[in-house]
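One chain, subunit A, links the two complexes that follow: it is found with subunit B in the first and with subunit C in the second.
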Partner chain A sequence: MLENTKCECGHQNPPDTALCESCGKPLGTEALTDGPLEMRYDGVARRSQKSNPNLLDRIWSFFSSVKVAVVLIVITLIAAIFGTILPQENAFINFDPSWYEEHYGLAGKIYYMLGFSRTYESWWFITLLVMIGASLVICSLDRVVPLYRALNKQQVRKHIQFLTRQRVTYAADLEDDDAEWMRKLAEQFRKRRFRVRVEDNALLAEKNRFSRWGPYINHVGLIIFLLAVLARAIPGWQLDEYVGVREGEIAHIPETNYYVKNLDFEVEFYSDDELPERLKGTLRPKRFVTKAELYVCEANCGSTALEPVLRKVKEHDIVVNDPLEYKGLKLYQFDYDTTPRLKTIRPVLVDLKSGETYGPFELSILEPEPEYELGPYRLKLITRFLDFTVNADGVPGNKSSQPNAPAFLFLIEGPDLPEGGETFFYFPIPTDRERFGQDLINGELAERFDFRVTDMAHVEFLGDVSYLNVRVDRALPYIFAGAFISLIGLVMGFYWQHRRVWLRIDDGRLTLGAHTNKNWYGLRSEVAAALRSAGLEADPKSLDNGGKRR
Partner chain B sequence: MNWLSISSGAFLVAFVLYCAAFLFYVIAVIGRKWKNRDPQHHLRKWGRIAFICSSLGLAAHLAFFFTRWAGAGHIPASNMYEFMTLLGMMIMIAFTVLYAIYRAPLLGMFALPLTILIIAYAAVFPSEVQPLVPSLQSNWLRLHVTGAALGEAFFAVGFAAGLMYLLRVTDYNDKSASARRSQFWLEFSLYVLVVVAGFIITVFAFRGAGYEATFLREELTIDAYGNEQWTRETIEYQMPPIVKPHGSEPVSVRPFLGLDRPLFEAPAWMQGVNAGRKFNTVIWSVISGTILYGLLRLAARRPLGAVIHPLLEGIDPEDLDEISYRAIAIGFPIFTLGALIFAMIWAEQAWGRFWGWDPKEVWALITWLFYSAYLHLRLSHGWHGLRSSWLSVIGFLIVMFTLIGVNLIIAGLHSYAGVS
Partner chain C sequence: MKGRKRKITQVVILIGILLLGGYAVGTSLFKSDEKPKIGGRPPAFENVADVEGNLHSLADYRGRPVIINFWGTFCPPCVAEMPAIERQYQKYKDQGLVVLAINLSEDDITVRDFLKRFNLSYTILRDRNRMIERKYALRSYPTTFFIGRDGRILDIDTGGMTDEEIERYILRLLET
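The block that comes next holds the complex of A and B.
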């Protein structure tokens, strides 16, 4: 049998309504007690409170619970703390799994094994965020719809119990004419920027109702934010690459159709007069700037044989905090390398026995010629190393592709040399020559020949390398839009309060009830002030009817 | 006379005025019970004197801030000294806002000592103006730091009012288990505040005495090419070494009360150059804080909470509860904007990502999550009074950990913040 849910005022309420939607008379369990009313969402029935729930209803009511939301927040909070105990994997450019054990012993190993080294990318952390998102959506929908209905069709004249059981109440016997009092009180509330409605000896004064929507707007913003964060997983929405460009050179930006040219890189340090006593003599960077040009490739882009056809689309001085931006692509100043490195040298070949010199000849470090003719001698390049090293097996090799320690292995042919020539190792940088023992390697030949650079004018250096971080993040506008919507909601919700005052005059007796969603102190002072101005003495504290605070 | 010397003068003036204002607030509150006076009248009169004094202090503090800004050429919010003085100033602003709403002079009795403690802590750090490294040259960063500090300042006032609430309602005659637990934790909170004071006093005492000890740490590392390399690090202590840095040898230790060499060595996992020194400082702070606390207990012969509790009699605890909540409610949107949104905009501009899970960022998020849980519990779950006040105390602890603890213990991108 259906429950009779009709109120005495004649309004048909949905089942489980706590306060009649029309006159506010307490119904159901609320009618059994006589303490202050539970005014949350104006006592309307919410979907989550449905009796006989099915599975969907159960899921709905789980996520619609604020208690569940708080538990989710607290779990996320604790999980986030775990991720800050040790550095996360993403803090390393080249990650080595044994790092945790090496640095923190067994504890580090366990931390790594349990996956806390990737806390924020872990499935359980992301699940928590998704659950918070679900809770945001369902909590909001569960409340905002009935609340909107309740606030949109408010009755002015409320049941007397609805007034006396508010948390702020007042009653007094009036001496003069009822209508005159009503006019006076209405004026007082209007003065305080309430919207006032008066109907047959009852009054409803209301202000800042919009503040009730603050939490929901905040939640909508947060949902947009979370969705935007998840959307970053869409292919093509995110790019995070690094590109190193030497001054005067142009480099392809990985995974894009763009090229970047480094016209000039400069690093500036603070001078000693700009630094305080304690920091004098230290190198404190002031500014790094890469004068960059961005090109888009229009033809022959993937080709190795043909030169790509490039068109300049943008130029910008890239500084920290001021990236180059072009159609969602951003180039950030990331790092730089100003170590001087050789570009070309012009050495002479010296015959140590006769003192005769041959050359100079132009030796490019990066692009050497296969052969050089020097007087009667001929140099054939066997191999070249850019960053010379000898590995554990005693085999020479390259440590990196940067010309940090160039070395050349020549075959020298000419008079007084055996048929087929003799090999000669040449390290252009003097410290390398010492370090790797050039004379030792070359043996007897070292007593006959040497390469010498006689003048610094014969040395040319490579430009500085600027490292740029290349980013694309298509979700960014949505992320910031979400964040700002959320902020607007917070401001609406916290800096204004929804205040309502109901009063009715029955045969010379004034009964007043007032409600706010928060900040009762302010409501009491405001009601007391309005009553006082109308000529009724009331102390703010005495209006308090006890009950739950929020 | 230049901007910077005016600035440091103003700082001193602000400090003295804050101390005086604190005294006046105490007189306003405890003097109500003195003979031959009307309590309401006394409170109004002394409350006004104290508020004028603390407002003058704030004016001097603002003068310090703006003259330093003029002298340095950038907003003074770029190292620990500047940030902590800024936080102190923001707490005074937040206090003034709450005072304007609630007219509660009693709040000054707790907000002022908190400000004094924070700016005294600031003075521990080197105060010279440092030119900015490139990543800090950003207007968004300035907005971020100022906004975050203002939001946190409101949380601090929420904490002050919450602590007052707890001191007001805790019954020191009640011997039940729950009352004892409440008394214990409240006393412990006060003890922690005394330890912070102990830390500041110790730093200035040894600094005044010019104490110094030096350690040398030599470490042999073998690089990827098999080259042996000795790194030598000199570690200087400004406090007598109870604990020495791991793997170091004393070079010079000035004897202090017969202590002429370190008593023990820091454990191996404290690897950072400064880890040993920080650990030593923590030990000293606990020792001096405990001695200070012991002296206070000896003088009072009862728990400090029991000393303060009767002073708060006659104050409606519900008002304190509401002030505490209101401060947090005002601070929350400001914190969201300053500590998270502006920070994301800046991070995006400086590093190309709006969020990087850097420990400082994560802790800002933790703070935000904590206060959002607080607000949900209070606004939809009716947590108020005791529970809400304890949450405001824990929340402030999280704020302070985010500001100081993360820099001391966990390093990250924000480690530039100049904790030395």
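The block that comes next holds the complex of A and C.
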């Protein structure tokens, strides 16, 4: 059987309407009590309240529930807490999965295995965000549309019960002429910036209706915010990488088509008078600058064998908080390494017996020549190590591919040397010479020959390494826009209140009801003041009809 | 009439949420799959030079069992397993086995002088600026990928390998 939802005023209301959309007469359960009315959404039915829900309606009404929204938000907050227990994977430049177990034992391993090491990128966290988004959209639509309609076609003359069951209500017998008194009161409300409509011995005064849209504007902002956060998953929208580039060199920026060149790097330290007592004598960087150039690769980009074809697109002096910016790509100064590393030395070969020196000759650490002629002697390069070490089997090798401890193995040929020459190990860095025992390795030959660098002018160092943080975040402007819109909505809803006053005069008897969404105290004194100015003495407190205190 | 219009709005909004949400969730699922995994396809590389300067692409070896081994002269276990790889390569190269040993972006002299000490007949490739290494998301050295004839990663081994271990992998590779 179809429920009869027609009001006595003749208006056909949708099912589950609490207050007649036209005259405001309490319907359904609201009609059974006589306390203050439930005025949320002006008593209209939400869109999802339907008599025969199908699957679509069920999904819709699931997301339209504020209870569901609150539960979703609480679950998301709890899930987000898990992501703050241990550092997340993206906090590492070089991530190693065993790190969790090494630092936190079994708990760390479980944490990693459960995927909490990347909580915020996990599919289930994103799913929660998407569900909150759905809930935001559907909850808002489900309420804002009926509310807009209800507020847009308000009847001036309301049912008498609608007035007496408001939380602010008043009744009195009028002595003056009805119409004349109504005109006076309307004038009072207009003075207080109400918009007043008078019809058929009834009056409706209303102000600040726009504040009712505040929460929905806030939600629009939040939806934009959420969409922007999710948009970071679009390829190319977000990048967070690190690149180290030595002075005078060019380096590829990972996951992009760009290269960055470090023309010059400079670091300035605080002088001792600028530092507090406990830091005196320590090197504290004050400012570091990378003169950088950005290049875009036009051909041979992914190749390891062919030289990439580059075109310069931007140059900038990168300082902390002043990144190089190009088409949404930002290069931030992140770190540096000024550990001196040899580039070229110009040693002489010393004949220790005769005191004779030969040279100097130019010895490049990275690209040495295969042969050097020094007076009567000839040096043949057998091999060169960049980071010399002797491994477990006693075989010399490299510890890394960085020139931390260069070593050269030469074959020396010349007078008074056996046919086929003799081998000679040379460590250009004095501490390495001690550490690896150059003289011991070279044996008798160490008493005859040596390489010496006679002047520091004969030593050239590699440039400093500047580490840059490469970032792309195309979502950021949208995140800010969303946050700003959301703030506008909050301000609208917080600092203004929607106030309405209805009244009707029936045979010289005035009945008044008033409603607001907050600040009832303000509404009561405003109504009392308007009544007083129109000649009716009313104490603000006496207008109070009970109901929930907000 | 009104109900119909409302229904269309509901359907449009739900489909919109499903599409956007599905995309967001889908990419987050897909993202964790970037690293090469057993059963997945190895990241492609093109025109990588060997020590003689000849260019190789992974696609050149489609349909053949391939071992991709990452090594550096600074990594003792990498160096230690190289003779074993050579022995096994000699044993199975007639059955189509390919070994691509990718050096970890070291300089010319280091690689050249190092290789003089060994007599290796399998292909040594030269990575530059860690480009291939990054694609393969290496965490430790040596790491070896075994790629079956079907072009899928059959197994991944980290750390040095003995003759027996390598042979076991190769026998599995030849079955693909």
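Basically, the second predicted complex is superposed on the first by the 482 of 550 C-alpha atoms of A that agree within 3 Å, B and C clash if a C-alpha of one lies under 4 Å from a C-alpha of the other, contacts with A are read in each partner's own complex, and residues count from 1 in each chain.
Heads up, the rule we're going with is that a contact is a pair of C-beta atoms (placed from the backbone, for glycine too) under 8 Å apart; a residue touches a chain by one contact, two chains touch by 3 or more.
Because the structure is predicted, anything quoted here is derived from the model rather than measured.
*Asks:* Contacts for A:F388 in the overlay, against subunit B (first) and subunit C (second): which applies, first, second, both or neither?
*Replies:* neither
*Asks:* Is A:A80 in contact with subunit B, with subunit C, with both, or with neither (first, second, both, neither)?
*Replies:* Only subunit B is touched by A:A80; subunit C is not.
*Asks:* After the superposition on A, what does A:V137 contact: first (subunit B), second (subunit C), both or neither?
*Replies:* Touch status of A:V137: second partner only.
*Asks:* When the two structures are overlaid on chain A, which partner does A:S303 contact: first (subunit B), second (subunit C), both, or neither?
*Replies:* Second partner only, subunit C.
*Asks:* Check whether subunit B or subunit C contacts more residues of subunit A in the superposed model.
*Replies:* The partner making contact with more of subunit A's residues is B.
*Asks:* Using the superposition on chain A described above, determine whether A:L56 touches subunit B (first), subunit C (second), both, or neither.
*Replies:* Once the two structures are laid over each other on A, A:L56 reaches subunit C alone.
*Asks:* Which holds for A:Y426: it touches subunit B only (first), subunit C only (second), both, or neither?
*Replies:* So A:Y426 meets neither subunit B nor subunit C here.
*Asks:* Looking at A:Y100, would you say it contacts subunit B, subunit C, both, or neither? Reply first, second, both or neither.
*Replies:* A:Y100 sits against neither subunit B nor subunit C.
*Asks:* For A:D322, using the defined touch cut-off, is the partner it touches subunit B, subunit C, both, or neither? Pick first, second, both or neither.
*Replies:* first
*Asks:* Return the residues of subunit A at which the contacts from subunit B and from subunit C coincide.
*Replies:* The overlap between the subunit B and subunit C interfaces on subunit A comprises residues 389.
*Asks:* Within their complex, state which residues of subunit A touch subunit B.
*Replies:* 40, 66-67, 69-70, 73-74, 76-77, 80-81, 83-85, 88, 90, 103-105, 119-120, 240, 270, 274-279, 284-288, 319-323, 330, 332-333, 389, 469, 471, 473, 476, 479-480, 483-484, 486-487, 490-491, 494-495, 517-522, 541, 548-550
*Asks:* Going by the contact rule set out above, which residues of subunit B touch subunit A in the complex?
*Replies:* Result: residues 101-102, 126, 128-131, 133-135, 137-138, 225, 269, 271, 316, 318-319, 321-322, 326, 329-330, 332-333, 336-337, 340-341, 344-345, 348-354, 356-357, 359, 362-363, 365-366, 369-370, 372-373, 376-382, 384-385, 406, 410 of subunit B touch subunit A.
*Asks:* Considering the complex alone, what residue numbers of subunit A touch subunit C?
*Replies:* Within the complex, subunit A contacts subunit C at residues 47, 56, 59-60, 95-97, 118, 121-123, 125-127, 129-131, 133-134, 137-138, 141, 227, 230, 233-234, 251-252, 254, 302-306, 366-368, 382-387, 389, 391-392, 397-401.
*Asks:* For the complex, give me every residue of subunit C touching subunit A.
*Replies:* Contact set of subunit C toward subunit A: 6-7, 9-11, 13-14, 17, 20-21, 23-25, 27-29, 31-32, 45-49, 53, 55, 72-74, 76, 79, 104-107, 109-110, 113, 116, 125-129, 131-132, 134, 139-140.
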